[in-house]
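You will see chain A twice below: alongside chain B first, and alongside chain C after that.
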Partner chain A sequence: MSEGLKIEVERKPSEVEVVFEGQIDEDADFSSLSGLEAQVMVFNLEKVSLINSCGIREWVEFQKKLPKETKLVYRKCPQVIVEQLNIVKGFIRDNSLIESFFAPYYNEARDQEVKVLLTPSQVKEGKAPVIKDEDGSELEFDEIEMQYFSFLKNG
Partner chain B sequence: MKKVFISAPDLEDDGRALLEDNGLAPADNIGEAEAVLYQGSLEELFCKYSKNINASAIIPLNTFLMNNSLDPIDLSDQKSLGKLSFDQENIRGVSDKIGELIDSFTSRDHFADISRYMKMNGIELAQNALIYKRLAGIKGEVSLEIFETKMFYNICATDSFGALSAGEVLSKLIRASVEKTYEEKESGAGLGLFMAINASDFAIFRLKKGKQTQVCCIINKYKRLKQYKSKSPALFIFKE
Partner chain C sequence: MDFSLFDQLQNPVLVLDRDLKVSYFNHICGTYFKMPPRKLKKSEKLEDLIQTKQVNLSALAKDALKQGASKVTQEIGVLAGENEREAAIILKFIPVGDQNIVVHVMDFSIEKQLHEKYKKQILELKETHEQIVRSDKLTALGELISGISHEIATPLTIVSERLGRMENALFVKDWERLSEAVPEVQKEFLRITQIISGMQSYARNQEDELQVCNLKSIVDESAHFIKELNILGKIELEIKADGDHLAMANPLKLQQVIINLIKNSVDALKEIEKEDKKITVVIEENDHEQIHTLKVADNGPGVAPELRDSVFEMFYTSKEIGEGTGLGLSISQKIIESHNGEIYLADSQSGCEFVINLPIVEVGSFTHTNRYLRGECEIEDEKVLVIGDDIPLLNKVYQKLKSKNKVCVLSSKVDNARSLADFFVIDKAIKLKNCDLSFLEVEALDLTGATEEEALKQIEKNI
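Here is the complex of A and B:
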């Protein structure tokens, strides 16, 4: 059987970074994070591969238990997390910060899908920023802008 | 003649003529309609009309215009890619089995994430049935079979208890659309079902009360993610 959700905690001078890897489902165990205290807690979600509806419940309930005074920051949110941000109310805590997220682009010349790390400030008026490959060819945003960036309106 | 309600602002007064040309009767309100044609997202439709929907077919207008039919797509040429049976597995065991099966056949001809959406659908459908089975303390098998045609993948979950009614299907989907979160009660099954349907081009429920529930989620083999994300799902509920 595959391993469950892996959680690693790294204490840095300005923040505590929690790195999640794997699948968030009903077996996800967040107990190693209980009692963890930090002014700023950064959730690095880059390696989250899948989250199902039971996982959404576990995730939201886990965040409710964190101290209210802790500032939560979401780093490198993959597409699977952005989709939940756009659908599920309360998926991230109020007054938290989305630091960066991946967006899907398509390189037509190479017939290749590319995930590009963006920051919210790069998305102006709901439009995907222009991204070019090493040859200077412009990549095409491979999603529906209005849908994909809708989570930024709430920020 | 089937009564059909159209929720499509672009169509304005042409909707009545469209239905009559296709041998269908316009419904004056959504509550009396056997089928609904909609524009926009399923979520918007459910939020707008909430509990008034009783239709057994809810179809994007574009899909209807393409097929000129209120019936689901023809899957008579589909072939099985594999069948899984579940009994006491936990969700991790279910996920692993479904993941292995899907990874064995998806190819680079489709957008890369199609396998993730298929896994999600398979997990949600199987999980719903298994959670119900566990909570109700009943025996019976839950199976998941994946089929393909030239154009589609079809993920079908079948249980042998038949606990779901058409009214429950719609009320769970509408609740998830309106509230946009999970249910507090353990049996849940609204948000996951909504996620699975939204990830599909067609969702077909075949309900035999007390005997069997089958839910099939059909996904077009899109080449590009953007095409996939532009779709709206069609929903069909058949009762016996």
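Here is the complex of A and C:
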């Protein structure tokens, strides 16, 4: 049995935020969200640690059941989600919005890998934005830009 | 050579040069090995990314290059990537000219995990089911003990009274009265012995053993048990069966089913006001379909149409809370299915009729012995036909042949054996009774009239 997927729903004045935490796999149970209605539904995916092929199937099916008029927003997509965004058609619903996502950077001076939260607007012409550490040293983008940002072109 | 086409694939693909150094990896490798390209580029050889003790990857890659032919591993357990994630994969080494080898990774980790997970869950479900069956048996045992206590108390009272009479007769030397009382005491003791013997057979741990049984005897014993429970009242219980009906069965489990069906009928009949309440148990043989049909019918209220589909569901009960577990019919269905049979509620005009179909002994013995059908062995075993009518001896021979890994076809009737020989190629035959087996075209070991010991010795020697 996997560590499971925790789902918490927070109602805010302008949106309903659904926070996912843990693994999205064959045991992922989205039934607690059935019947949930909102004009804007935000999926906060920051704490999703893994998604496997069975989980993708559950995820896609879950989204299909949500009301069509609900606007879906994906917030703080971690690298595991970005990787799926890049290879799985239908992973996010049409006309939805990716609000922010994490991108891997490498701090050579400190030999440190860091995940930086970006917004799509920061990625110009498929290039990773320049990010500096507290000392002003420039970090190195730790993926292949063309591949990592390809989901933005699709959107 | 341009390998960038591999970036379009969703499986990890690596390219090795002729010195087996990693010269290219497609885009999915980063995701798969959980390593950024910066680190992937530093991986010099395949073993830096995939570690396994099951197969020598370099040797396999070299062979592929040397022979100019693809090499594929079996499913192997590996540690993948920098964080040494456990994975189950199949690797394919494809030589490209004499300079490069393409390594294609097929990952089956999820399939393997799911397979193991669901296998475990199925085992747990089976165990739960077994527990439910055991619990149902304990309930039945409780009822049996209560009935038995009552049954033993009656003959003991009679014995006590007769002993008093015998004592008086002895005192006055009335030998005639004394000799009259002795057989009566013996009769009552015999009754107690029979009850205890019944209990012992119930308690014996031979539940999963199948044996040649006469369905008529099983039905008779079930009816006897029901009568011992004193639950029938004015309900008539009729058994209709012509001749013997041999099947491969577990007699205790089959009794459990029949008793359960009869008790359900009794409960249904007790709920209505009626003069001629009746339960009928019929056993028939369907030669064409090679099955025995056992019907348990009553002239009670029957099952409402909307409930007919639910009667075999677990925890379904029409009884009051606390009076029925709702497990009886579900367990009965499992028991009959384990006998390769079927049980269903017949569409009767009035009352309720349950029908059980069980394969005749010839089919039952074959399917229960045939390990090939159960996938336990790959090579079909030798098939031995045994024909006889002595049930205990047939059972001994069956066990003997089973212990020698033979596929056994038991038969009491030559006609049945002949029709089955059309389906199965019989390799050997054993005759335990006088009959003509010339249609088999194999020599039969003739043990007609042999004692049990002689018969088993001959089988040991010749089969």
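Simple rule for what comes next: the second predicted complex is superposed on the first by the 152 of 155 C-alpha atoms of A that agree within 3 Å, B and C clash if a C-alpha of one lies under 4 Å from a C-alpha of the other, contacts with A are read in each partner's own complex, and residues count from 1 in each chain.
Simple rule for what comes next: contacts are C-beta pairs under 8 Å (C-beta built on N, C-alpha and C of every residue); 3 or more make two chains touch, one makes a residue touch a chain.
Computed from a predicted structure; not experimentally measured.
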Chain A as common anchor, with chain B and chain C clashing or fitting: clash
With the two complexes superposed on chain A, say which partner A:R57 touches: chain B (first), chain C (second), both, or neither. first
Taking the superposition as given, does A:E143 touch the first partner, chain B, the second, chain C, both, or neither? both
With both structures placed on chain A, which of the two partners, chain B or chain C, ends up touching more residues of chain A? B
Who does A:V130 touch here: chain B (first), chain C (second), both, or neither? neither
Check whether A:G90 is in contact with chain B, with chain C, with both or with neither, and answer first, second, both or neither. first
The intersection of the chain A residues contacting chain B with those contacting chain C is 1, 26, 52-54, 87, 104, 106, 113, 140, 142-144, 147
State the interface residues of chain B toward chain A in the complex, per the touch definition above. 90-93, 95-96, 99, 111-113, 116, 119-120, 123-124, 127, 179-182, 188, 191-192, 195, 198, 224-226, 229-230
Considering the complex alone, what residue numbers of chain A touch chain B? 1-2, 4, 23, 25-27, 49-50, 52-54, 56-57, 60, 79-80, 87-90, 104, 106, 113, 140-144, 147-148
Please give the residue numbers of chain A that touch chain C in the complex, ascending. 1, 26, 52-54, 83, 87, 104, 106, 113, 140, 142-144, 147
Mind pulling up the chain C residues that touch chain A in the complex? 7, 10, 27-28, 30-31, 36-38, 110, 114, 117
